[in-house]
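Look for chain A in each of the two complexes below; its partner is chain B in the first and chain C in the second.
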Partner chain A sequence: MNEQAIKDLLYKLADDQLILGHRNSEWTGFGPILEEDIAFSSMAQDKIGHSLAFYTLLQELGEAEPDTVAFTRNANQFHNSQLVELPNGEYDFSLIRHFLYDNAEIIRFEMLSQSSYEPIAKVATKLKGEVKYHVLHANTWIKNLGSSIEEAILRLQTSLNEAMPYALAMFEKSKYEQELIDTSVYAGEEAVKAEWLKRITAVIEKTDLKLPDLAIIEPKFGGRYGEHTEHLQPLLDEMAEVFKIDPTAEW
Partner chain B sequence: MKLIKEDILTLLEEVKDPEIPVLSLVDLGVITGVEISDDDHVTVNMTPTFAGCPAMDYMKKDVERTLEKHGISNYTVNMTFDKPWDSNKLSEKGRQHLKEFGLAPPPKYDLILDLDILEHVKCPYCDSDNTDMRTPFGPTLCRSMHYCNNCKQMFEQFKPL
Partner chain C sequence: MYGGGNVFEATKFDDVQTEDPAKLAEFEARIARGEKIEPTDWMPELYRKQLIRMIEQHAHSEIIGALPEGTWITRAPGFRRKMAQMAKVQDEVGHAQLLYSAAETLGKSREQMLTDLISGKSKYSNVFNYPAFTWADSNIISWLIDAGAIVNQMANAKGSYGPYSRALERICAEEAFHLKYGHDAVVHMATGTPKQREMIQAALNRWWPPIMTFFGPSDKMSTHTETLMRWKVKMASNDECRQQFLDMYVPKIWELGLTVPDPKLKKNMETGQWEFTEPDWDEFKRVINGDGPCNAERLAVRRTAEERGAWVRRALLNPKAKYVRPLA
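Right, the complex of A and B next:
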């Protein structure tokens, strides 16, 4: 088993969840209705917990402890997709991102629960049950708002068009892709993407939204290799602000 | 006298979920194994309900404190995903305690979660199933929020997982 390949996989899983968890937490106190404020806050807590589970596996493979890994790296050391670092925008954008991201994440977890690398399989088996609630939440709102009034449909459609180049880049292949597939550690990004398209299409077809023509979209690749938008570093600075006041403090 | 597994489980009945103080960790189903070696080293394996639950670390420390209080100093408490938690692991006694506490217990189910099992949860106050789910997220990660159309009250459910 190539340890570098496993670490690369763990970093992208963990970083996606940490960064989206932080973005979700920015809705705390600002949700359009109380229930949504609580929903995004709860999903933030889940996602940060999920990132901790994967950072803990990295620590078992010799990486630094989770707090150090989460709070002391710079943007170019993060493996998250650019989709999760984009600012929250208005509620419609956050909802579309949540829908596109979580429908992919649950497929990753379903496939990883069959991984030949047992520590990942155990964590994925646990987390896929929790992420079901995130998917349920996203799909319910997309179905309801996506077939409601003109303004809601227009807003969601605009956000969907904006988010799609970033969403497609969630499936950027790692340099260890074939090796991970050959050793049955991971089914690979192509497999996840194919299933993801099926599932998001099934939801979108129940609404007045239209899936953009994917053939003409240039995915915003780079995130998995440390290339990020200008939005990531300020997020990291804010996230680590308290930690960096006294890195040795006991919490 | 040699310790046996049942002694340890009895001690752990004292440790309650800090967010649901009527529920012991044993009834919650998060104690996944107790082993006692020939030289009386006690190993307690635990697993989190939800991976992001902030109470888990507290519960682990509470298990350690309880063992110490009863004079057991030779122990290891592990938190693992080896036997992952699901809501079917809540004991019958635990479910009864949840209901008395005002939290609807999760239904026993086939572990295939869909919207149907979240709708029409039985109200813990009046037992009516004329209820609606308001949101699958509540004041803690393990609770969803519902409204009873019969007794006109909001109530929370311990979520099926």
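Right, the complex of A and C next:
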């Protein structure tokens, strides 16, 4: 099995979870209601825990230890999709991003739980049980707010339109895509995307929102290859602010 | 996290004179027997008012207290601290949720309480008007402010109002973990590199004066205070709490080789009481009344959160729904 291909897959999974977890944690103290503060914090804790699980698998494959990998790389060494690094914006954007992201993540984890690469299969099996609740949370809120007052519908629709080019780029293919599919490590991005479209459409149809015309959207690719928006590096600088005072210290 | 030092002022004691003497006697007898008062039970207006005020201030302290530590969630060094800091601050917001519900059982809605917080009408624990400059400040808060809060809350958990005392029991269990987390973080700093030691000592120096005012000034013993103690609203005097805190934590601070920035601090072996430099109560009053280093910032953050989230609350509101206060 091609170890580089596995590492590439693991970095993608880990970096997505770390960066979105970090963004989710920024809601602590600022939520529209206390219950949402708490919910976003729970999801942040799960996601950062998931990233740690994947970084640990990477360490087993010879990469540096998780703290070093997470806290000392620069933006161009990160493999996350640009969707997760965008600032939280207002609650409508954070909710839409959470909905689009987690509906994809659960499918990735479901498929990876069948992976021929056993360490990933084990971790994915364990974690998909947690992501299930993230999806439940997102879908419930989209259904509630997406069919409520005009202001809410308008806000969510605007955010949906803004987020979609980034969301479609979550499925940017790895240079090892075919190899991962051929060796049954991963079902591949096309398969995830097809299932994702079905699931998000089913939720959106229960609301007053409309899915934008995907045929005319240009996905914001690049994230998987280290190309990022101007928002990622400041996030990483903030994350490493204390750690870098002395990377050898025990904090 | 709540010190509770600023609660019991400025309510007219006359209120109790207008209560039905027979009901009042029965109420006091129940408390004397150690029974809990529940939301639908008869209670004097003064009791209700003081409890709303106290629980509301406690709830506000939890959400405002989440701000100085929340800043350090996104900066926590390493996975272990990042995860723990998130969970810790989330707990504080969870405490606010519990406490707002407990206060609501007495007839004031959460929305009204938050409005009063933003307008400056209701208060919160004064310590959160001080800044957390560094990661080390956040560690000192997690350890020593939470420690102080536990002293106060353990006492109040034995109070007479059922919903508050049950909420406090749960809160104390969680705060006990915060204390362990805070202590562990401070131990790592205090036994770490010279830079870490310097950071933690500087943070202790900054936080010591606010910590000494955390429990509030010495109580004026008035009939008012006596009544509230008889009703088991107020469970321990501010001085008792402060002494207990010093007894428990000064030795632990010294054990780490840190210096408490008060040359007069020592335990008088004859009286069994700690002696210390009298805190600056003028500053305490000034800060509590709005003129502290972070008052404006803390309230501005809260106000922004409320304003930006208003559309969500409007969207969730069923226009036909009627407000029902929670049971307990």
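As a working rule, the second predicted complex is superposed on the first by the 250 of 251 C-alpha atoms of A that agree within 3 Å, B and C clash if a C-alpha of one lies under 4 Å from a C-alpha of the other, contacts with A are read in each partner's own complex, and residues count from 1 in each chain.
Following the convention adopted for this analysis, contacts are C-beta pairs under 8 Å (C-beta built on N, C-alpha and C of every residue); 3 or more make two chains touch, one makes a residue touch a chain.
As the structure is a computational prediction, the values presented were derived from the model and not from experiment.
In the superposition on chain A, A:L136 makes contact with chain B only, while chain C stays out of contact range.
Look at A:M43: by the touch rule set out above, it reaches chain B but stays clear of chain C. Between chain B and chain C, it is C that contacts the larger number of residues in chain A.
Legend: residue contacts after superposition of the two complexes on their common chain; A:E35 is shown touching both chain B and chain C.
In the overlay built on the shared chain, the residue A:L127 is in contact with chain B alone; chain C does not reach it.
By the touch criterion defined above, A:A215 lies against neither chain B nor chain C after alignment on the C-alpha atoms of chain A. Contacts of A:A53 after superposition: chain B is touched, whereas chain C is not reached. With both structures placed on the common chain, the touch criterion links A:H22 to chain C but leaves chain B unconnected.
On chain A, the surface patch touched by chain B in one complex and by chain C in the other comprises residues 35, 38, 41-42, 45, 48-49, 52. Residue ranges of chain C in contact with chain A, taken from their complex: 63, 66-67, 70, 72-79, 81-83, 86-87, 89-90, 93-94, 96-97, 100, 135, 185, 188-189, 192-193, 195-196, 301, 304-305, 308-316. By the touch criterion given at the top, residues 35, 38-39, 41-43, 45-50, 52-53, 122-123, 125-127, 129-130, 132-133, 136-137, 140 of chain A touch chain B in their complex.
Only residues 22, 25-26, 28-38, 41-42, 44-45, 48-49, 52, 66-67, 70-71, 90-91, 144-145, 148-149, 151-152, 155, 235, 238-239, 241-243, 245-246, 249-251 of chain A touch chain C when the two sit together in their complex. Taken together, the chain B residues at the contact with chain A in this complex read 47-48, 50-54, 80-82, 84-86, 111, 113, 115, 118, 134-139, 141, 145, 159, 161.
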